[in-house]
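The structures come next, written out as structure tokens.
The two complexes that follow have chain A in common; it is paired with chain B in the first and with chain C in the second.
Moving on to the complex of A and B:
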């Protein structure tokens, strides 16, 4: 699971959950991959991202130290964009858990794939 | 990239070999996937985009989109079996910009807080699971800021488009394709048959 995916996901589908975001991350194993950097794509993602959630998740994964405290504005140098790219789409949680911030419901991540399936009685 | 080249690459994508009847899993044939993606690419909806693949199965559409220059693809399926095959396809193709998610598409609207640029999908036809085709379209439209590209049975075209338009979607049939379904399930009487399939493009008539 990339942090881009983490920033998209909520547990709001669970009955009674108000925001369900951000999901807490328990990390057991990570992997780093290399993907093509596009400053245009990262800049386009910035307004969509919930920055505090991204920052906290990146810190949990140990890749937050290069990231600014607040989302960078237009004139951002490439070094910062590259650090965002790295934390957002190159570091992946392979084994671990996502946890609903309101109900503590656990969603396992195994083989890099978060399992967000819910039982009928949870929705 | 030439259509023929894309098709020959997609020929190498493994598909699942024990499809689930209730989920109406039909692998997307490489020629159809290639034709579909080639069109989406030409329309400017792949390169540099954030793409969702709903009901991704073994991942042929996602992998094709990645090869054609998508920035990131998030692929979702309810079934772990096809996702495992997808995983091994990713390793085979050395693709690193696809993320997989196991979830029910029916819950996705409230599970995702971010919209993608493009949705590509080959949803259930809605034959055995009534309304599944329309449900996929509706969910896709809530998760997509531009265009949805999808495959649907030609025989249900008017019904589907009427229902979709009632829900604020505009639909355009781009092409009518022949989908050869080998005898996957016991209830198919003949060994192989062709199904007429529409390749449809949809978008929100009232952008949000």
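Moving on to the complex of A and C:
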């Protein structure tokens, strides 16, 4: 699971959960996988990202130090965009857990794939 | 302005106009259609009537060759495009027209191709005779079938009616090849050679058509909520998009489901969506796959550029979502994360509603949603008259719908929708309007498919 995906995932589907975002991350194993860099793609994603959630998640994964405190607006500085790219779509949580911020419900991540399935009594 | 002849593949005829039109819009190509217009923004159903003839070509005028080359780099339904030098109702007419033209001389290696559409075979002698008739052309180089720089095509069209034999062609074209479509992908992407397939993997041609309909391009984010083995995402990634998928099937995404190949006992190690992309050299476009239920709000609304999907119909893949039919659910006596939830069937009407609702929230204006719906032909045609055959949503306008015949009575329809506006407060009421639902009959596609077909029951 990459942090771009983490920035989209919610546990709102659980009965009674209001926002279910951002999910807390428990990291057991991470991996860096090369993903094609496109400044256009990162620039398109920037306004859609929940920046504080991204920053916190990046810190949990130990890749937050290069990131600016607030989302850069209309930046074309490639060094900044590349550091965002790296944290957003190259560092993956391979084994770990996502935890609902409201109910503490755990969602396991295995082989890099988060399992967001809920049980029949939770929805 | 130069004239070009676009020659199409004689397959998936109902998708031909729609694919080309999407590519023209995507690439901003400026083509002027001569003779007959392109008609890609409509419903195309298989028409087997005698009167219906869809010729396998279109003639266009174009200022910039680059526009045509760009289209050919994407289209899988175009065989090739030739710069049209002459045309007529017989080969003689073409020869006479060519004689009057001032064709630029060159010393390059070249070759001739003689093609006949609608006729079984042209003998070698006949081909050579035709080529010799064109010996007056100022082609000063030698013929080379291997290292040619220019390929000249003589194309004869003999009509496409069944059981009609014509001695002479109806139309003859002559020109120089400028570009070929992406038929090379059909073999390269063949499912036979693909590492990871599922029970309903989409065939390569239609995957590419879908991605073209969705206008996937560089730096886009394309999402498939019923990803399976990601055939559609392979196509989107080849077109430059970053891809993300979701599926309810945990075992499949982890490559541990029952194998889909005949006579194979277990899946190989490494069968995964990532490795499928890797097989085609586009793994750097992979974002993630998520095990999740597309009927639930698993994703926060983040903008996708396009949504491409083939929802399960319940024939070879079950249509399911998480749920239970038990009135009082006893709860679990073990940790919830180790539990495999039970699933209930998820009917097609609900799937489509949820898909459109999700797409309305995630796509930008102009973003496209491309998906299949299986139909019973008789029902679909009847519903068309009642205006109930195609799904509707206040935020979407239907761009195109093309039919692929599956059996005598069933088909699947490829719908392409484009988002035209954001959801407004006043639309919420419309969404619950029962007139937006598909007809009841379509919901029971599975029952009908497996049931014995009785023409007396169907109106």
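We take it that the second predicted complex is superposed on the first by the 122 of 123 C-alpha atoms of A that agree within 3 Å, B and C clash if a C-alpha of one lies under 4 Å from a C-alpha of the other, contacts with A are read in each partner's own complex, and residues count from 1 in each chain.
In the analysis below, a contact is a pair of C-beta atoms (placed from the backbone, for glycine too) under 8 Å apart; a residue touches a chain by one contact, two chains touch by 3 or more.
Not measured: the values here are computed from a predicted model.
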Side-by-side fit of chain B and chain C on chain A, or clash: clash
Which superposed partner A:59 touches (first chain B, second chain C, both, neither): neither
Partner chain(s) touched by A:123 [first = chain B, second = chain C, both, neither]: both
Set of chain A residues, in rising order, touched by both chain B and chain C: 1-2, 4-5, 7-10, 12-13, 21, 34-36, 38, 40-41, 45, 48, 50, 89, 111-118, 123
Residue ranges of chain A in contact with chain C within the complex: 1-2, 4-5, 7-10, 12-13, 21, 34-36, 38, 40-41, 44-45, 48-50, 89, 105-108, 110-123
Chain C to chain A touching residues, read off their complex: 218-219, 221, 242, 244, 248, 250, 253-254, 272, 274, 284-293, 296-300, 302-303, 322-324, 329, 331-332, 336-337, 339, 341-342
Residues of chain A defined as touching chain B within the complex: 1-2, 4-5, 7-13, 21, 33-36, 38, 40-41, 45, 48, 50, 89-90, 92, 111-118, 123
Residues on chain B engaged by chain A in the complex (per definition of touch): 48, 50, 71-72, 74, 78, 80, 83-84, 87, 96-97, 99-104, 107, 110-115
